[in-house]
Amino acid sequence: MAVEYIQPEYEVVRNQERCIVCRVCERQCANQVHEYLKDSNRMVADDSKCVNCHRCVALCPTRALKIVKSPHTFKENTNWSGKAISEIYKQAESGGVLLSSMGNPENYPVYFDKMLLNASQVTNPSIDPLREPMETRVFLGAKPERIERDEKGRIIRSLPPQIQLSMPVMFSAMSYGSISYNAHESLARAAAELGILYNTGEGGLHEDLYKYGKNTIVQVASGRFGVHKDYLESGAAIEIKMGQGAKPGIGGHLPGEKVGMDISRTRMIPEGTDAISPAPHHDIYSIEDLRQLVYSLKEATGYKKPVIVKIAAVHNVAAIASGIARSGADMIAIDGFRGGTGAAPTRIRDHVGLPIELALASVDKRLRDEGIRNRVSIIAGGSIRSSADVVKAIALGADCVYIATAALVALGCHLCRSCHTGKCNWGIATQRPDLVKRLNPNIGFRRLVNLLTAWQHEIKEMMGGMGINSIEALRGNRLMLRGVGLNEKELEILGIKHAGE
Amino acid sequence: MEYVIIGNSTAAVGAVEAIRRNDKTGKIVIISNEKYHVYSRPLISYLLLGKTDEERMKYRNDDFYSEHRCELKLGRTAQRIDVQEKRVILDDGESVSYDRLLVASGSSPVVPPIPGLEKVRNKFTFTTLDDAKSLEKALFENARVLILGAGLIGLKCAEGLSKRNVEIICVDLSTRVLSSILDDQSSEIMKQHLEDHHISFYLGRQVTGFKDNVACLDDNDEIPFDVLVLAVGVRPNVNLIKDIGGKTNRGILIDERCRTSIPDIYAAGDCCESMDISSGQIKQMALLPNAYMQGECAGMNMSGVDCIFDKAIPMNAIGLFGKHIMTAGTYTGQTYYESDGKDYKKLFYSNNRLNGFILIGNIEKAGIYTALIREKTPLDTLDFELICKTPGLMAFSRETRAEKLGGVINEYLGSPVGISCVE
Amino acid sequence: MKRVYVNEKWCLGCHLCEYYCAFASTGETDMARALKDIRINPRIRVEECEGISFAVSCRHCPEPLCVKGCITGALRKIDGIITVDRNRCIGCYTCILSCPYGAVSPSEDGAIQKCELCIKTHEGTPRCVLGCPNGAIVFEERGE
Amino acid sequence: MYRNVSGCAISGIISRSGKRFSGERIIESVATMRERSNGLGGGFAAYGIYPEYKDYYAFHIFYNDNAAKKECETFLEEHFDIINLSRIPTRKIPEITDEPLIWRYFVLPLPTKLAASQLDEREYVVRCVFRINTGIDGAYVFSSGKNMGVFKAVGFPEDVGRFYKLEEYEGYCFTAHGRYPTNTPGWWGGAHPFSLLDYTVVHNGEISSYDANRRSIEMYGYKCTLLTDTEVIAYMIDYLHRRIGLTLDEICHVFAAPFWSTIEGKPKQEREELKFLRNVFSSLLITGPFSIIVGFEGGMMALNDRLKLRSMVVGEKDDMVYVASEEAAIRIIQNDLDRVWSPMGGEGVIVTVEGVKN
């Protein structure tokens, strides 16, 4: 095209003094940014192809590369940002819906960053996790409202199915298809090693990973891909996906080119066909329908598996959660609007949903107000970035959190937000064998284990500082939180006081 | 246990190292008619060339004998073996008793029966350090050196002399250089290369006689020379065994455990003949690697550990004026061939096996071809077309590669089922 | 003994091992300075073909044909590691002819070179292993 | 909403045989620990003091003024049969000032009202107490059990005891509390013990699980108006003991649950029980330092947090059992002890009067 409306976002800066022409950048860039010029024996780059994934930067052995934001600018103003302008150019050219990946990047408040944690001083000793037991084990599942005793007066210990986790963090749903086999294997093995769960997402479960079933949540989504009896029985829990924080109200679409032999078999669809998850479940048009699916799944698995219902955080999330709690579900997963995705319409990703912090606070409060909080466990997801976010989410009232983006980042993801291209240079969001092999699960699983081990240490440190040595005493303990820079309404919804109060 | 080794070169070292692996205390006696610490014979040409010196020619470090606790009888010749008494009688009458004896007596240069040879001044053979030292002493500026034989020894000698400001003339009965290891075309390439380095050849010619220091050829040409090097071949030293009725042919006959036909007597190295597994023939393969491995095999068996060496093949790595030649095996069967006139590659194969090869120039990873011959690898188990073009592990199956490179062994899989989360 | 093992399943064909190997033998502290405008001649080599790649370096065989065949005694096996005394090596390349892995190669000065597990230049893990981004080359004790 | 953060002294005395004794001894005991109080609150719970009205709920109520009293009494009359009402006798002493109107009522639920409510009698009483405490401004029921009473005020505990003429009461069990609140002005209702029905709690400590416990217990209809640890603990005891039906022993395993590592080491049956309790009642786990003495009809229970971050000593002499923050507070009233020990963190000490089941 003669007119270039859109200019490269990044520039690849190469320090020719340091470049030894090893060509690793060229070999490792699936976007073919780098090129070797034989005549002059030097490397050059085509900035327009760069997605800023940093694969070349990370592998350059002489640190000769860096990627900088292009100083190119439109005549922007507050209203017409460069992004707004380029998006118009793109749509004027393509006539299509804009697609994006990963979580909402826009400048909405991040409430986790506006809450501070408490610590003990004088009147109540802080507890040193290096010296005293510091417990992060949690149980997920419905709790009985009364107890019964046998004829000897002993408590009858029959409970609805429970999940025991070594720490209140799980890997949330990412389908095999949206991410690679090696990414899945890394998650599965890390979950097994850590004593937590990972989630298959809606793409079914590769037969090689059935052995990690006790650490697996099997998801049932609107496309019902890969759902069969063995699949349901293989997992520790079943999740019904009603919605996803990154794209509430929107289904999923795995392009046919990603549906190779293994994925085709796992999803139970023909090779090369698009895998389209409808926006709604076509058998769930009401809460009663959901209840039927919950019980169908329980019936199918002999009431041995807890059922999770996952919803996107939307405006009336509290009422929806209340309905779900009464539908027989054992757990509710709430996914905030910053949650990641392999691909979502940009407008949906950037403009729909709620911050998880507010959604979580209002759901927890609503369920308590209705006296049904113990009927369900709450799993909060949608951009939990650190152990501090975990602690804050638990203090707001979550039983457990879901992480996905953080896990991918641990696996090497650089948040270039180009998942939808299928050319993930880090071997995560791709099905191209040459790219998939870049993620060695032996390394990947170890990095995930390291990440959560580190988080667990930090969680223990923060708990110890608060004088709490079992994480259940942190759950819903909102006095441990104080807001900074929040208005009355925000504080009210979060159920916390302002710092200094 | 008393071990006696006749000879102090490669095979002897192989035997000593093997014996000491199994027997730390037994007595080892080494008898050699040379007075030197063990040195590498093939290096004598490099000594002439100035690329090495006597110190660096030592095949093993100075402390080799003490470390391996060997008793040395150097400059002494083993005259005969007394099989009944199990002892070796030396030239000075001393007798050395043995429980196990290794004959690693090597070979001697062939001196052809040419009329007038006895009157030639400055004539040398070229297999020992003393040979090289004597030859060096006889050299002078612009001397004409006539080398009889364009084989491995003759040409290495020629190269060794090349920096000495002497004229080098090579005569060989064969019409080709290195006729024992090269075929016509490769031989021609090497001849060109050698001529480019100022070696003159008289090929397909016979020296019929000498008139003092003039060689007379069969076509009546006469070549005057100052120094004569006889490099027409070597003959195994078999007499010690032959004298006591042991089986010999051109060389001493040994089995795959390096045993001679006489109990408790082993033989190894250039004095032997053994099976060339690339051709299935028994032949003399006077090659250093074989000598070491035969010596090692003999040493193992002598010290009580059963060991078989049945992987002997002819193989030669030789560099001449910067051009490297590698050959191995037997040149029979179908061929794969590529050459640009300077470099050369020919592979010989039949019956699903690689029989031999000749490489000139690009010798990268040649050992992979050697291994195919040595291991008799069925060619249909690998990508033969690929390996012909490029020797490498790529041509093998994934499983074979994994085995060779260790990739599949003990790959850490974490805990297949770790901490269960199910109540 | 710890050895280098290669698993082609994870080899990306990035050739970084070769560069880290070449760098290791320079004794320099900065790779850019060490290898700028240099055509590297590493002791570990990546074989590549149609999407398959793997690095090959000396296996330090229990029965090393290179050592047994070495005409000068320059190649020795010391504490399980096959090392070359470059002072003794005269470049006959019998070892190249012997090595079934193709793991010995000529160096610039004519003497041979091969992987010596970096023992002459660095402590600890060989540099190719450290430089491999994907765990395709590992340095492990696996028993013999 | 301000939450009380406090350090304190606690003491308790019980006769296992149910023998009644004067309140003088508990005053003497708690007075020893004056150092642990700061004059901002003190109080006592006394059991077995109203034998003549043992079948009636004894409401002790603070009124800010007569208007509140009137409103409250109207409410009481609507819901209860009031057998007896009187001012609680007090003694004017300079150490105790600003006292509210302090009244005592012996009541039984009106049978018609009770039947109409479809509630269990005790639940009916609890709801009425909450109605008064949260609905009637200036009225506060601080004691509502049978044959027992709470006496508390702003002041040092020994002064509070003298103020209420506690030496004139005889009971089989007394508990006492001297308060050292760190950040709130004293308020009569805020003093300990905290009670609901016959459950009373005196507590020394500051629990870090407060808001988790509070938000959890409020789900069951309790309203934590005082924002004290003691209040929430009292409600949790009421909930678990009266409503869920856990034994006191089981309650100890909920409040001060053994660490998982300890649980894993137990025999299967016990392990499963402990795990069940921890899992099902995880929100009622109490973390942070505490030592509590819980009084109830026919018994007393003492419990420390599981790390034993607060001191607590138990002494025994014949049928008497003494619990106090400090051994000196026991020795002062009974130096000749058969046995004295410090319970382990999380080890509940439950003493019941013979013939009474808990």
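So that you can tell them apart, the chains are marked A, B, C and D in the order they are listed, and the count of residues begins at 1 in each.
Note that in this section a contact is a pair of C-beta atoms (placed from the backbone, for glycine too) under 8 Å apart; a residue touches a chain by one contact, two chains touch by 3 or more.
These numbers were taken from a predicted model, which means no experiment stands behind them.
Touch-path distance (fewest steps) from chain C to chain D is 2. With steps allowed only between chains in touch, the distance from chain B over to chain C comes to 1. Should one ask which of A-D and A-C has more C-beta pairs in contact, the pair is A-D. Greatest centre-to-centre distance from chain A is found for B, with centres as Cα means.
Spacing of chain B relative to chain D, judged by their CA centroids, is 101 angstrom. Here the CA centre of chain A is 47 Å from the CA centre of chain D. Chain A and chain B, compared by their mean Cα positions, are separated by 68 Å. Centres computed as Cα averages put chain A at a distance of 43 Å from chain C. Contacts with at least two other chains are made by no residue of chain D. Each of the following residues of chain B touches two or more other chains: 411.
Contacts with at least two other chains are made by residues 139, 159, 162, 442 of chain A.
Across the complex, chain D meets chain A through its residues 1, 3, 5-7, 182, 205-213, 215-216, 218-220, 244-246, 250, 257, 259-261, 272-273, 276-280, 282-283, 285-289, 306-307, 309.
The touching residues of chain A, when paired with chain C in their complex, are 17-20, 22-24, 27-28, 58-59, 61-62, 64, 433-434, 437-438, 440, 442-443. The part of chain B that touches chain C in the complex is made up of residues 14, 40, 42-43, 46, 51-52, 56-61, 288-289, 292-293, 296, 315-319, 324, 326, 328, 363-368, 370-371, 374-375, 386, 391-394, 398, 401-402, 404-411. Of all residues in chain C, only 3, 5-9, 47-49, 52, 54, 56, 59, 65-66, 68-69, 71-73, 87-88, 90-102, 104-105, 140, 142 touch chain B in the complex they form. Taken in their complex, chain C has these residues touching chain A: 9-10, 12-16, 19-20, 23, 30-32, 35-38, 51, 131, 133-136.
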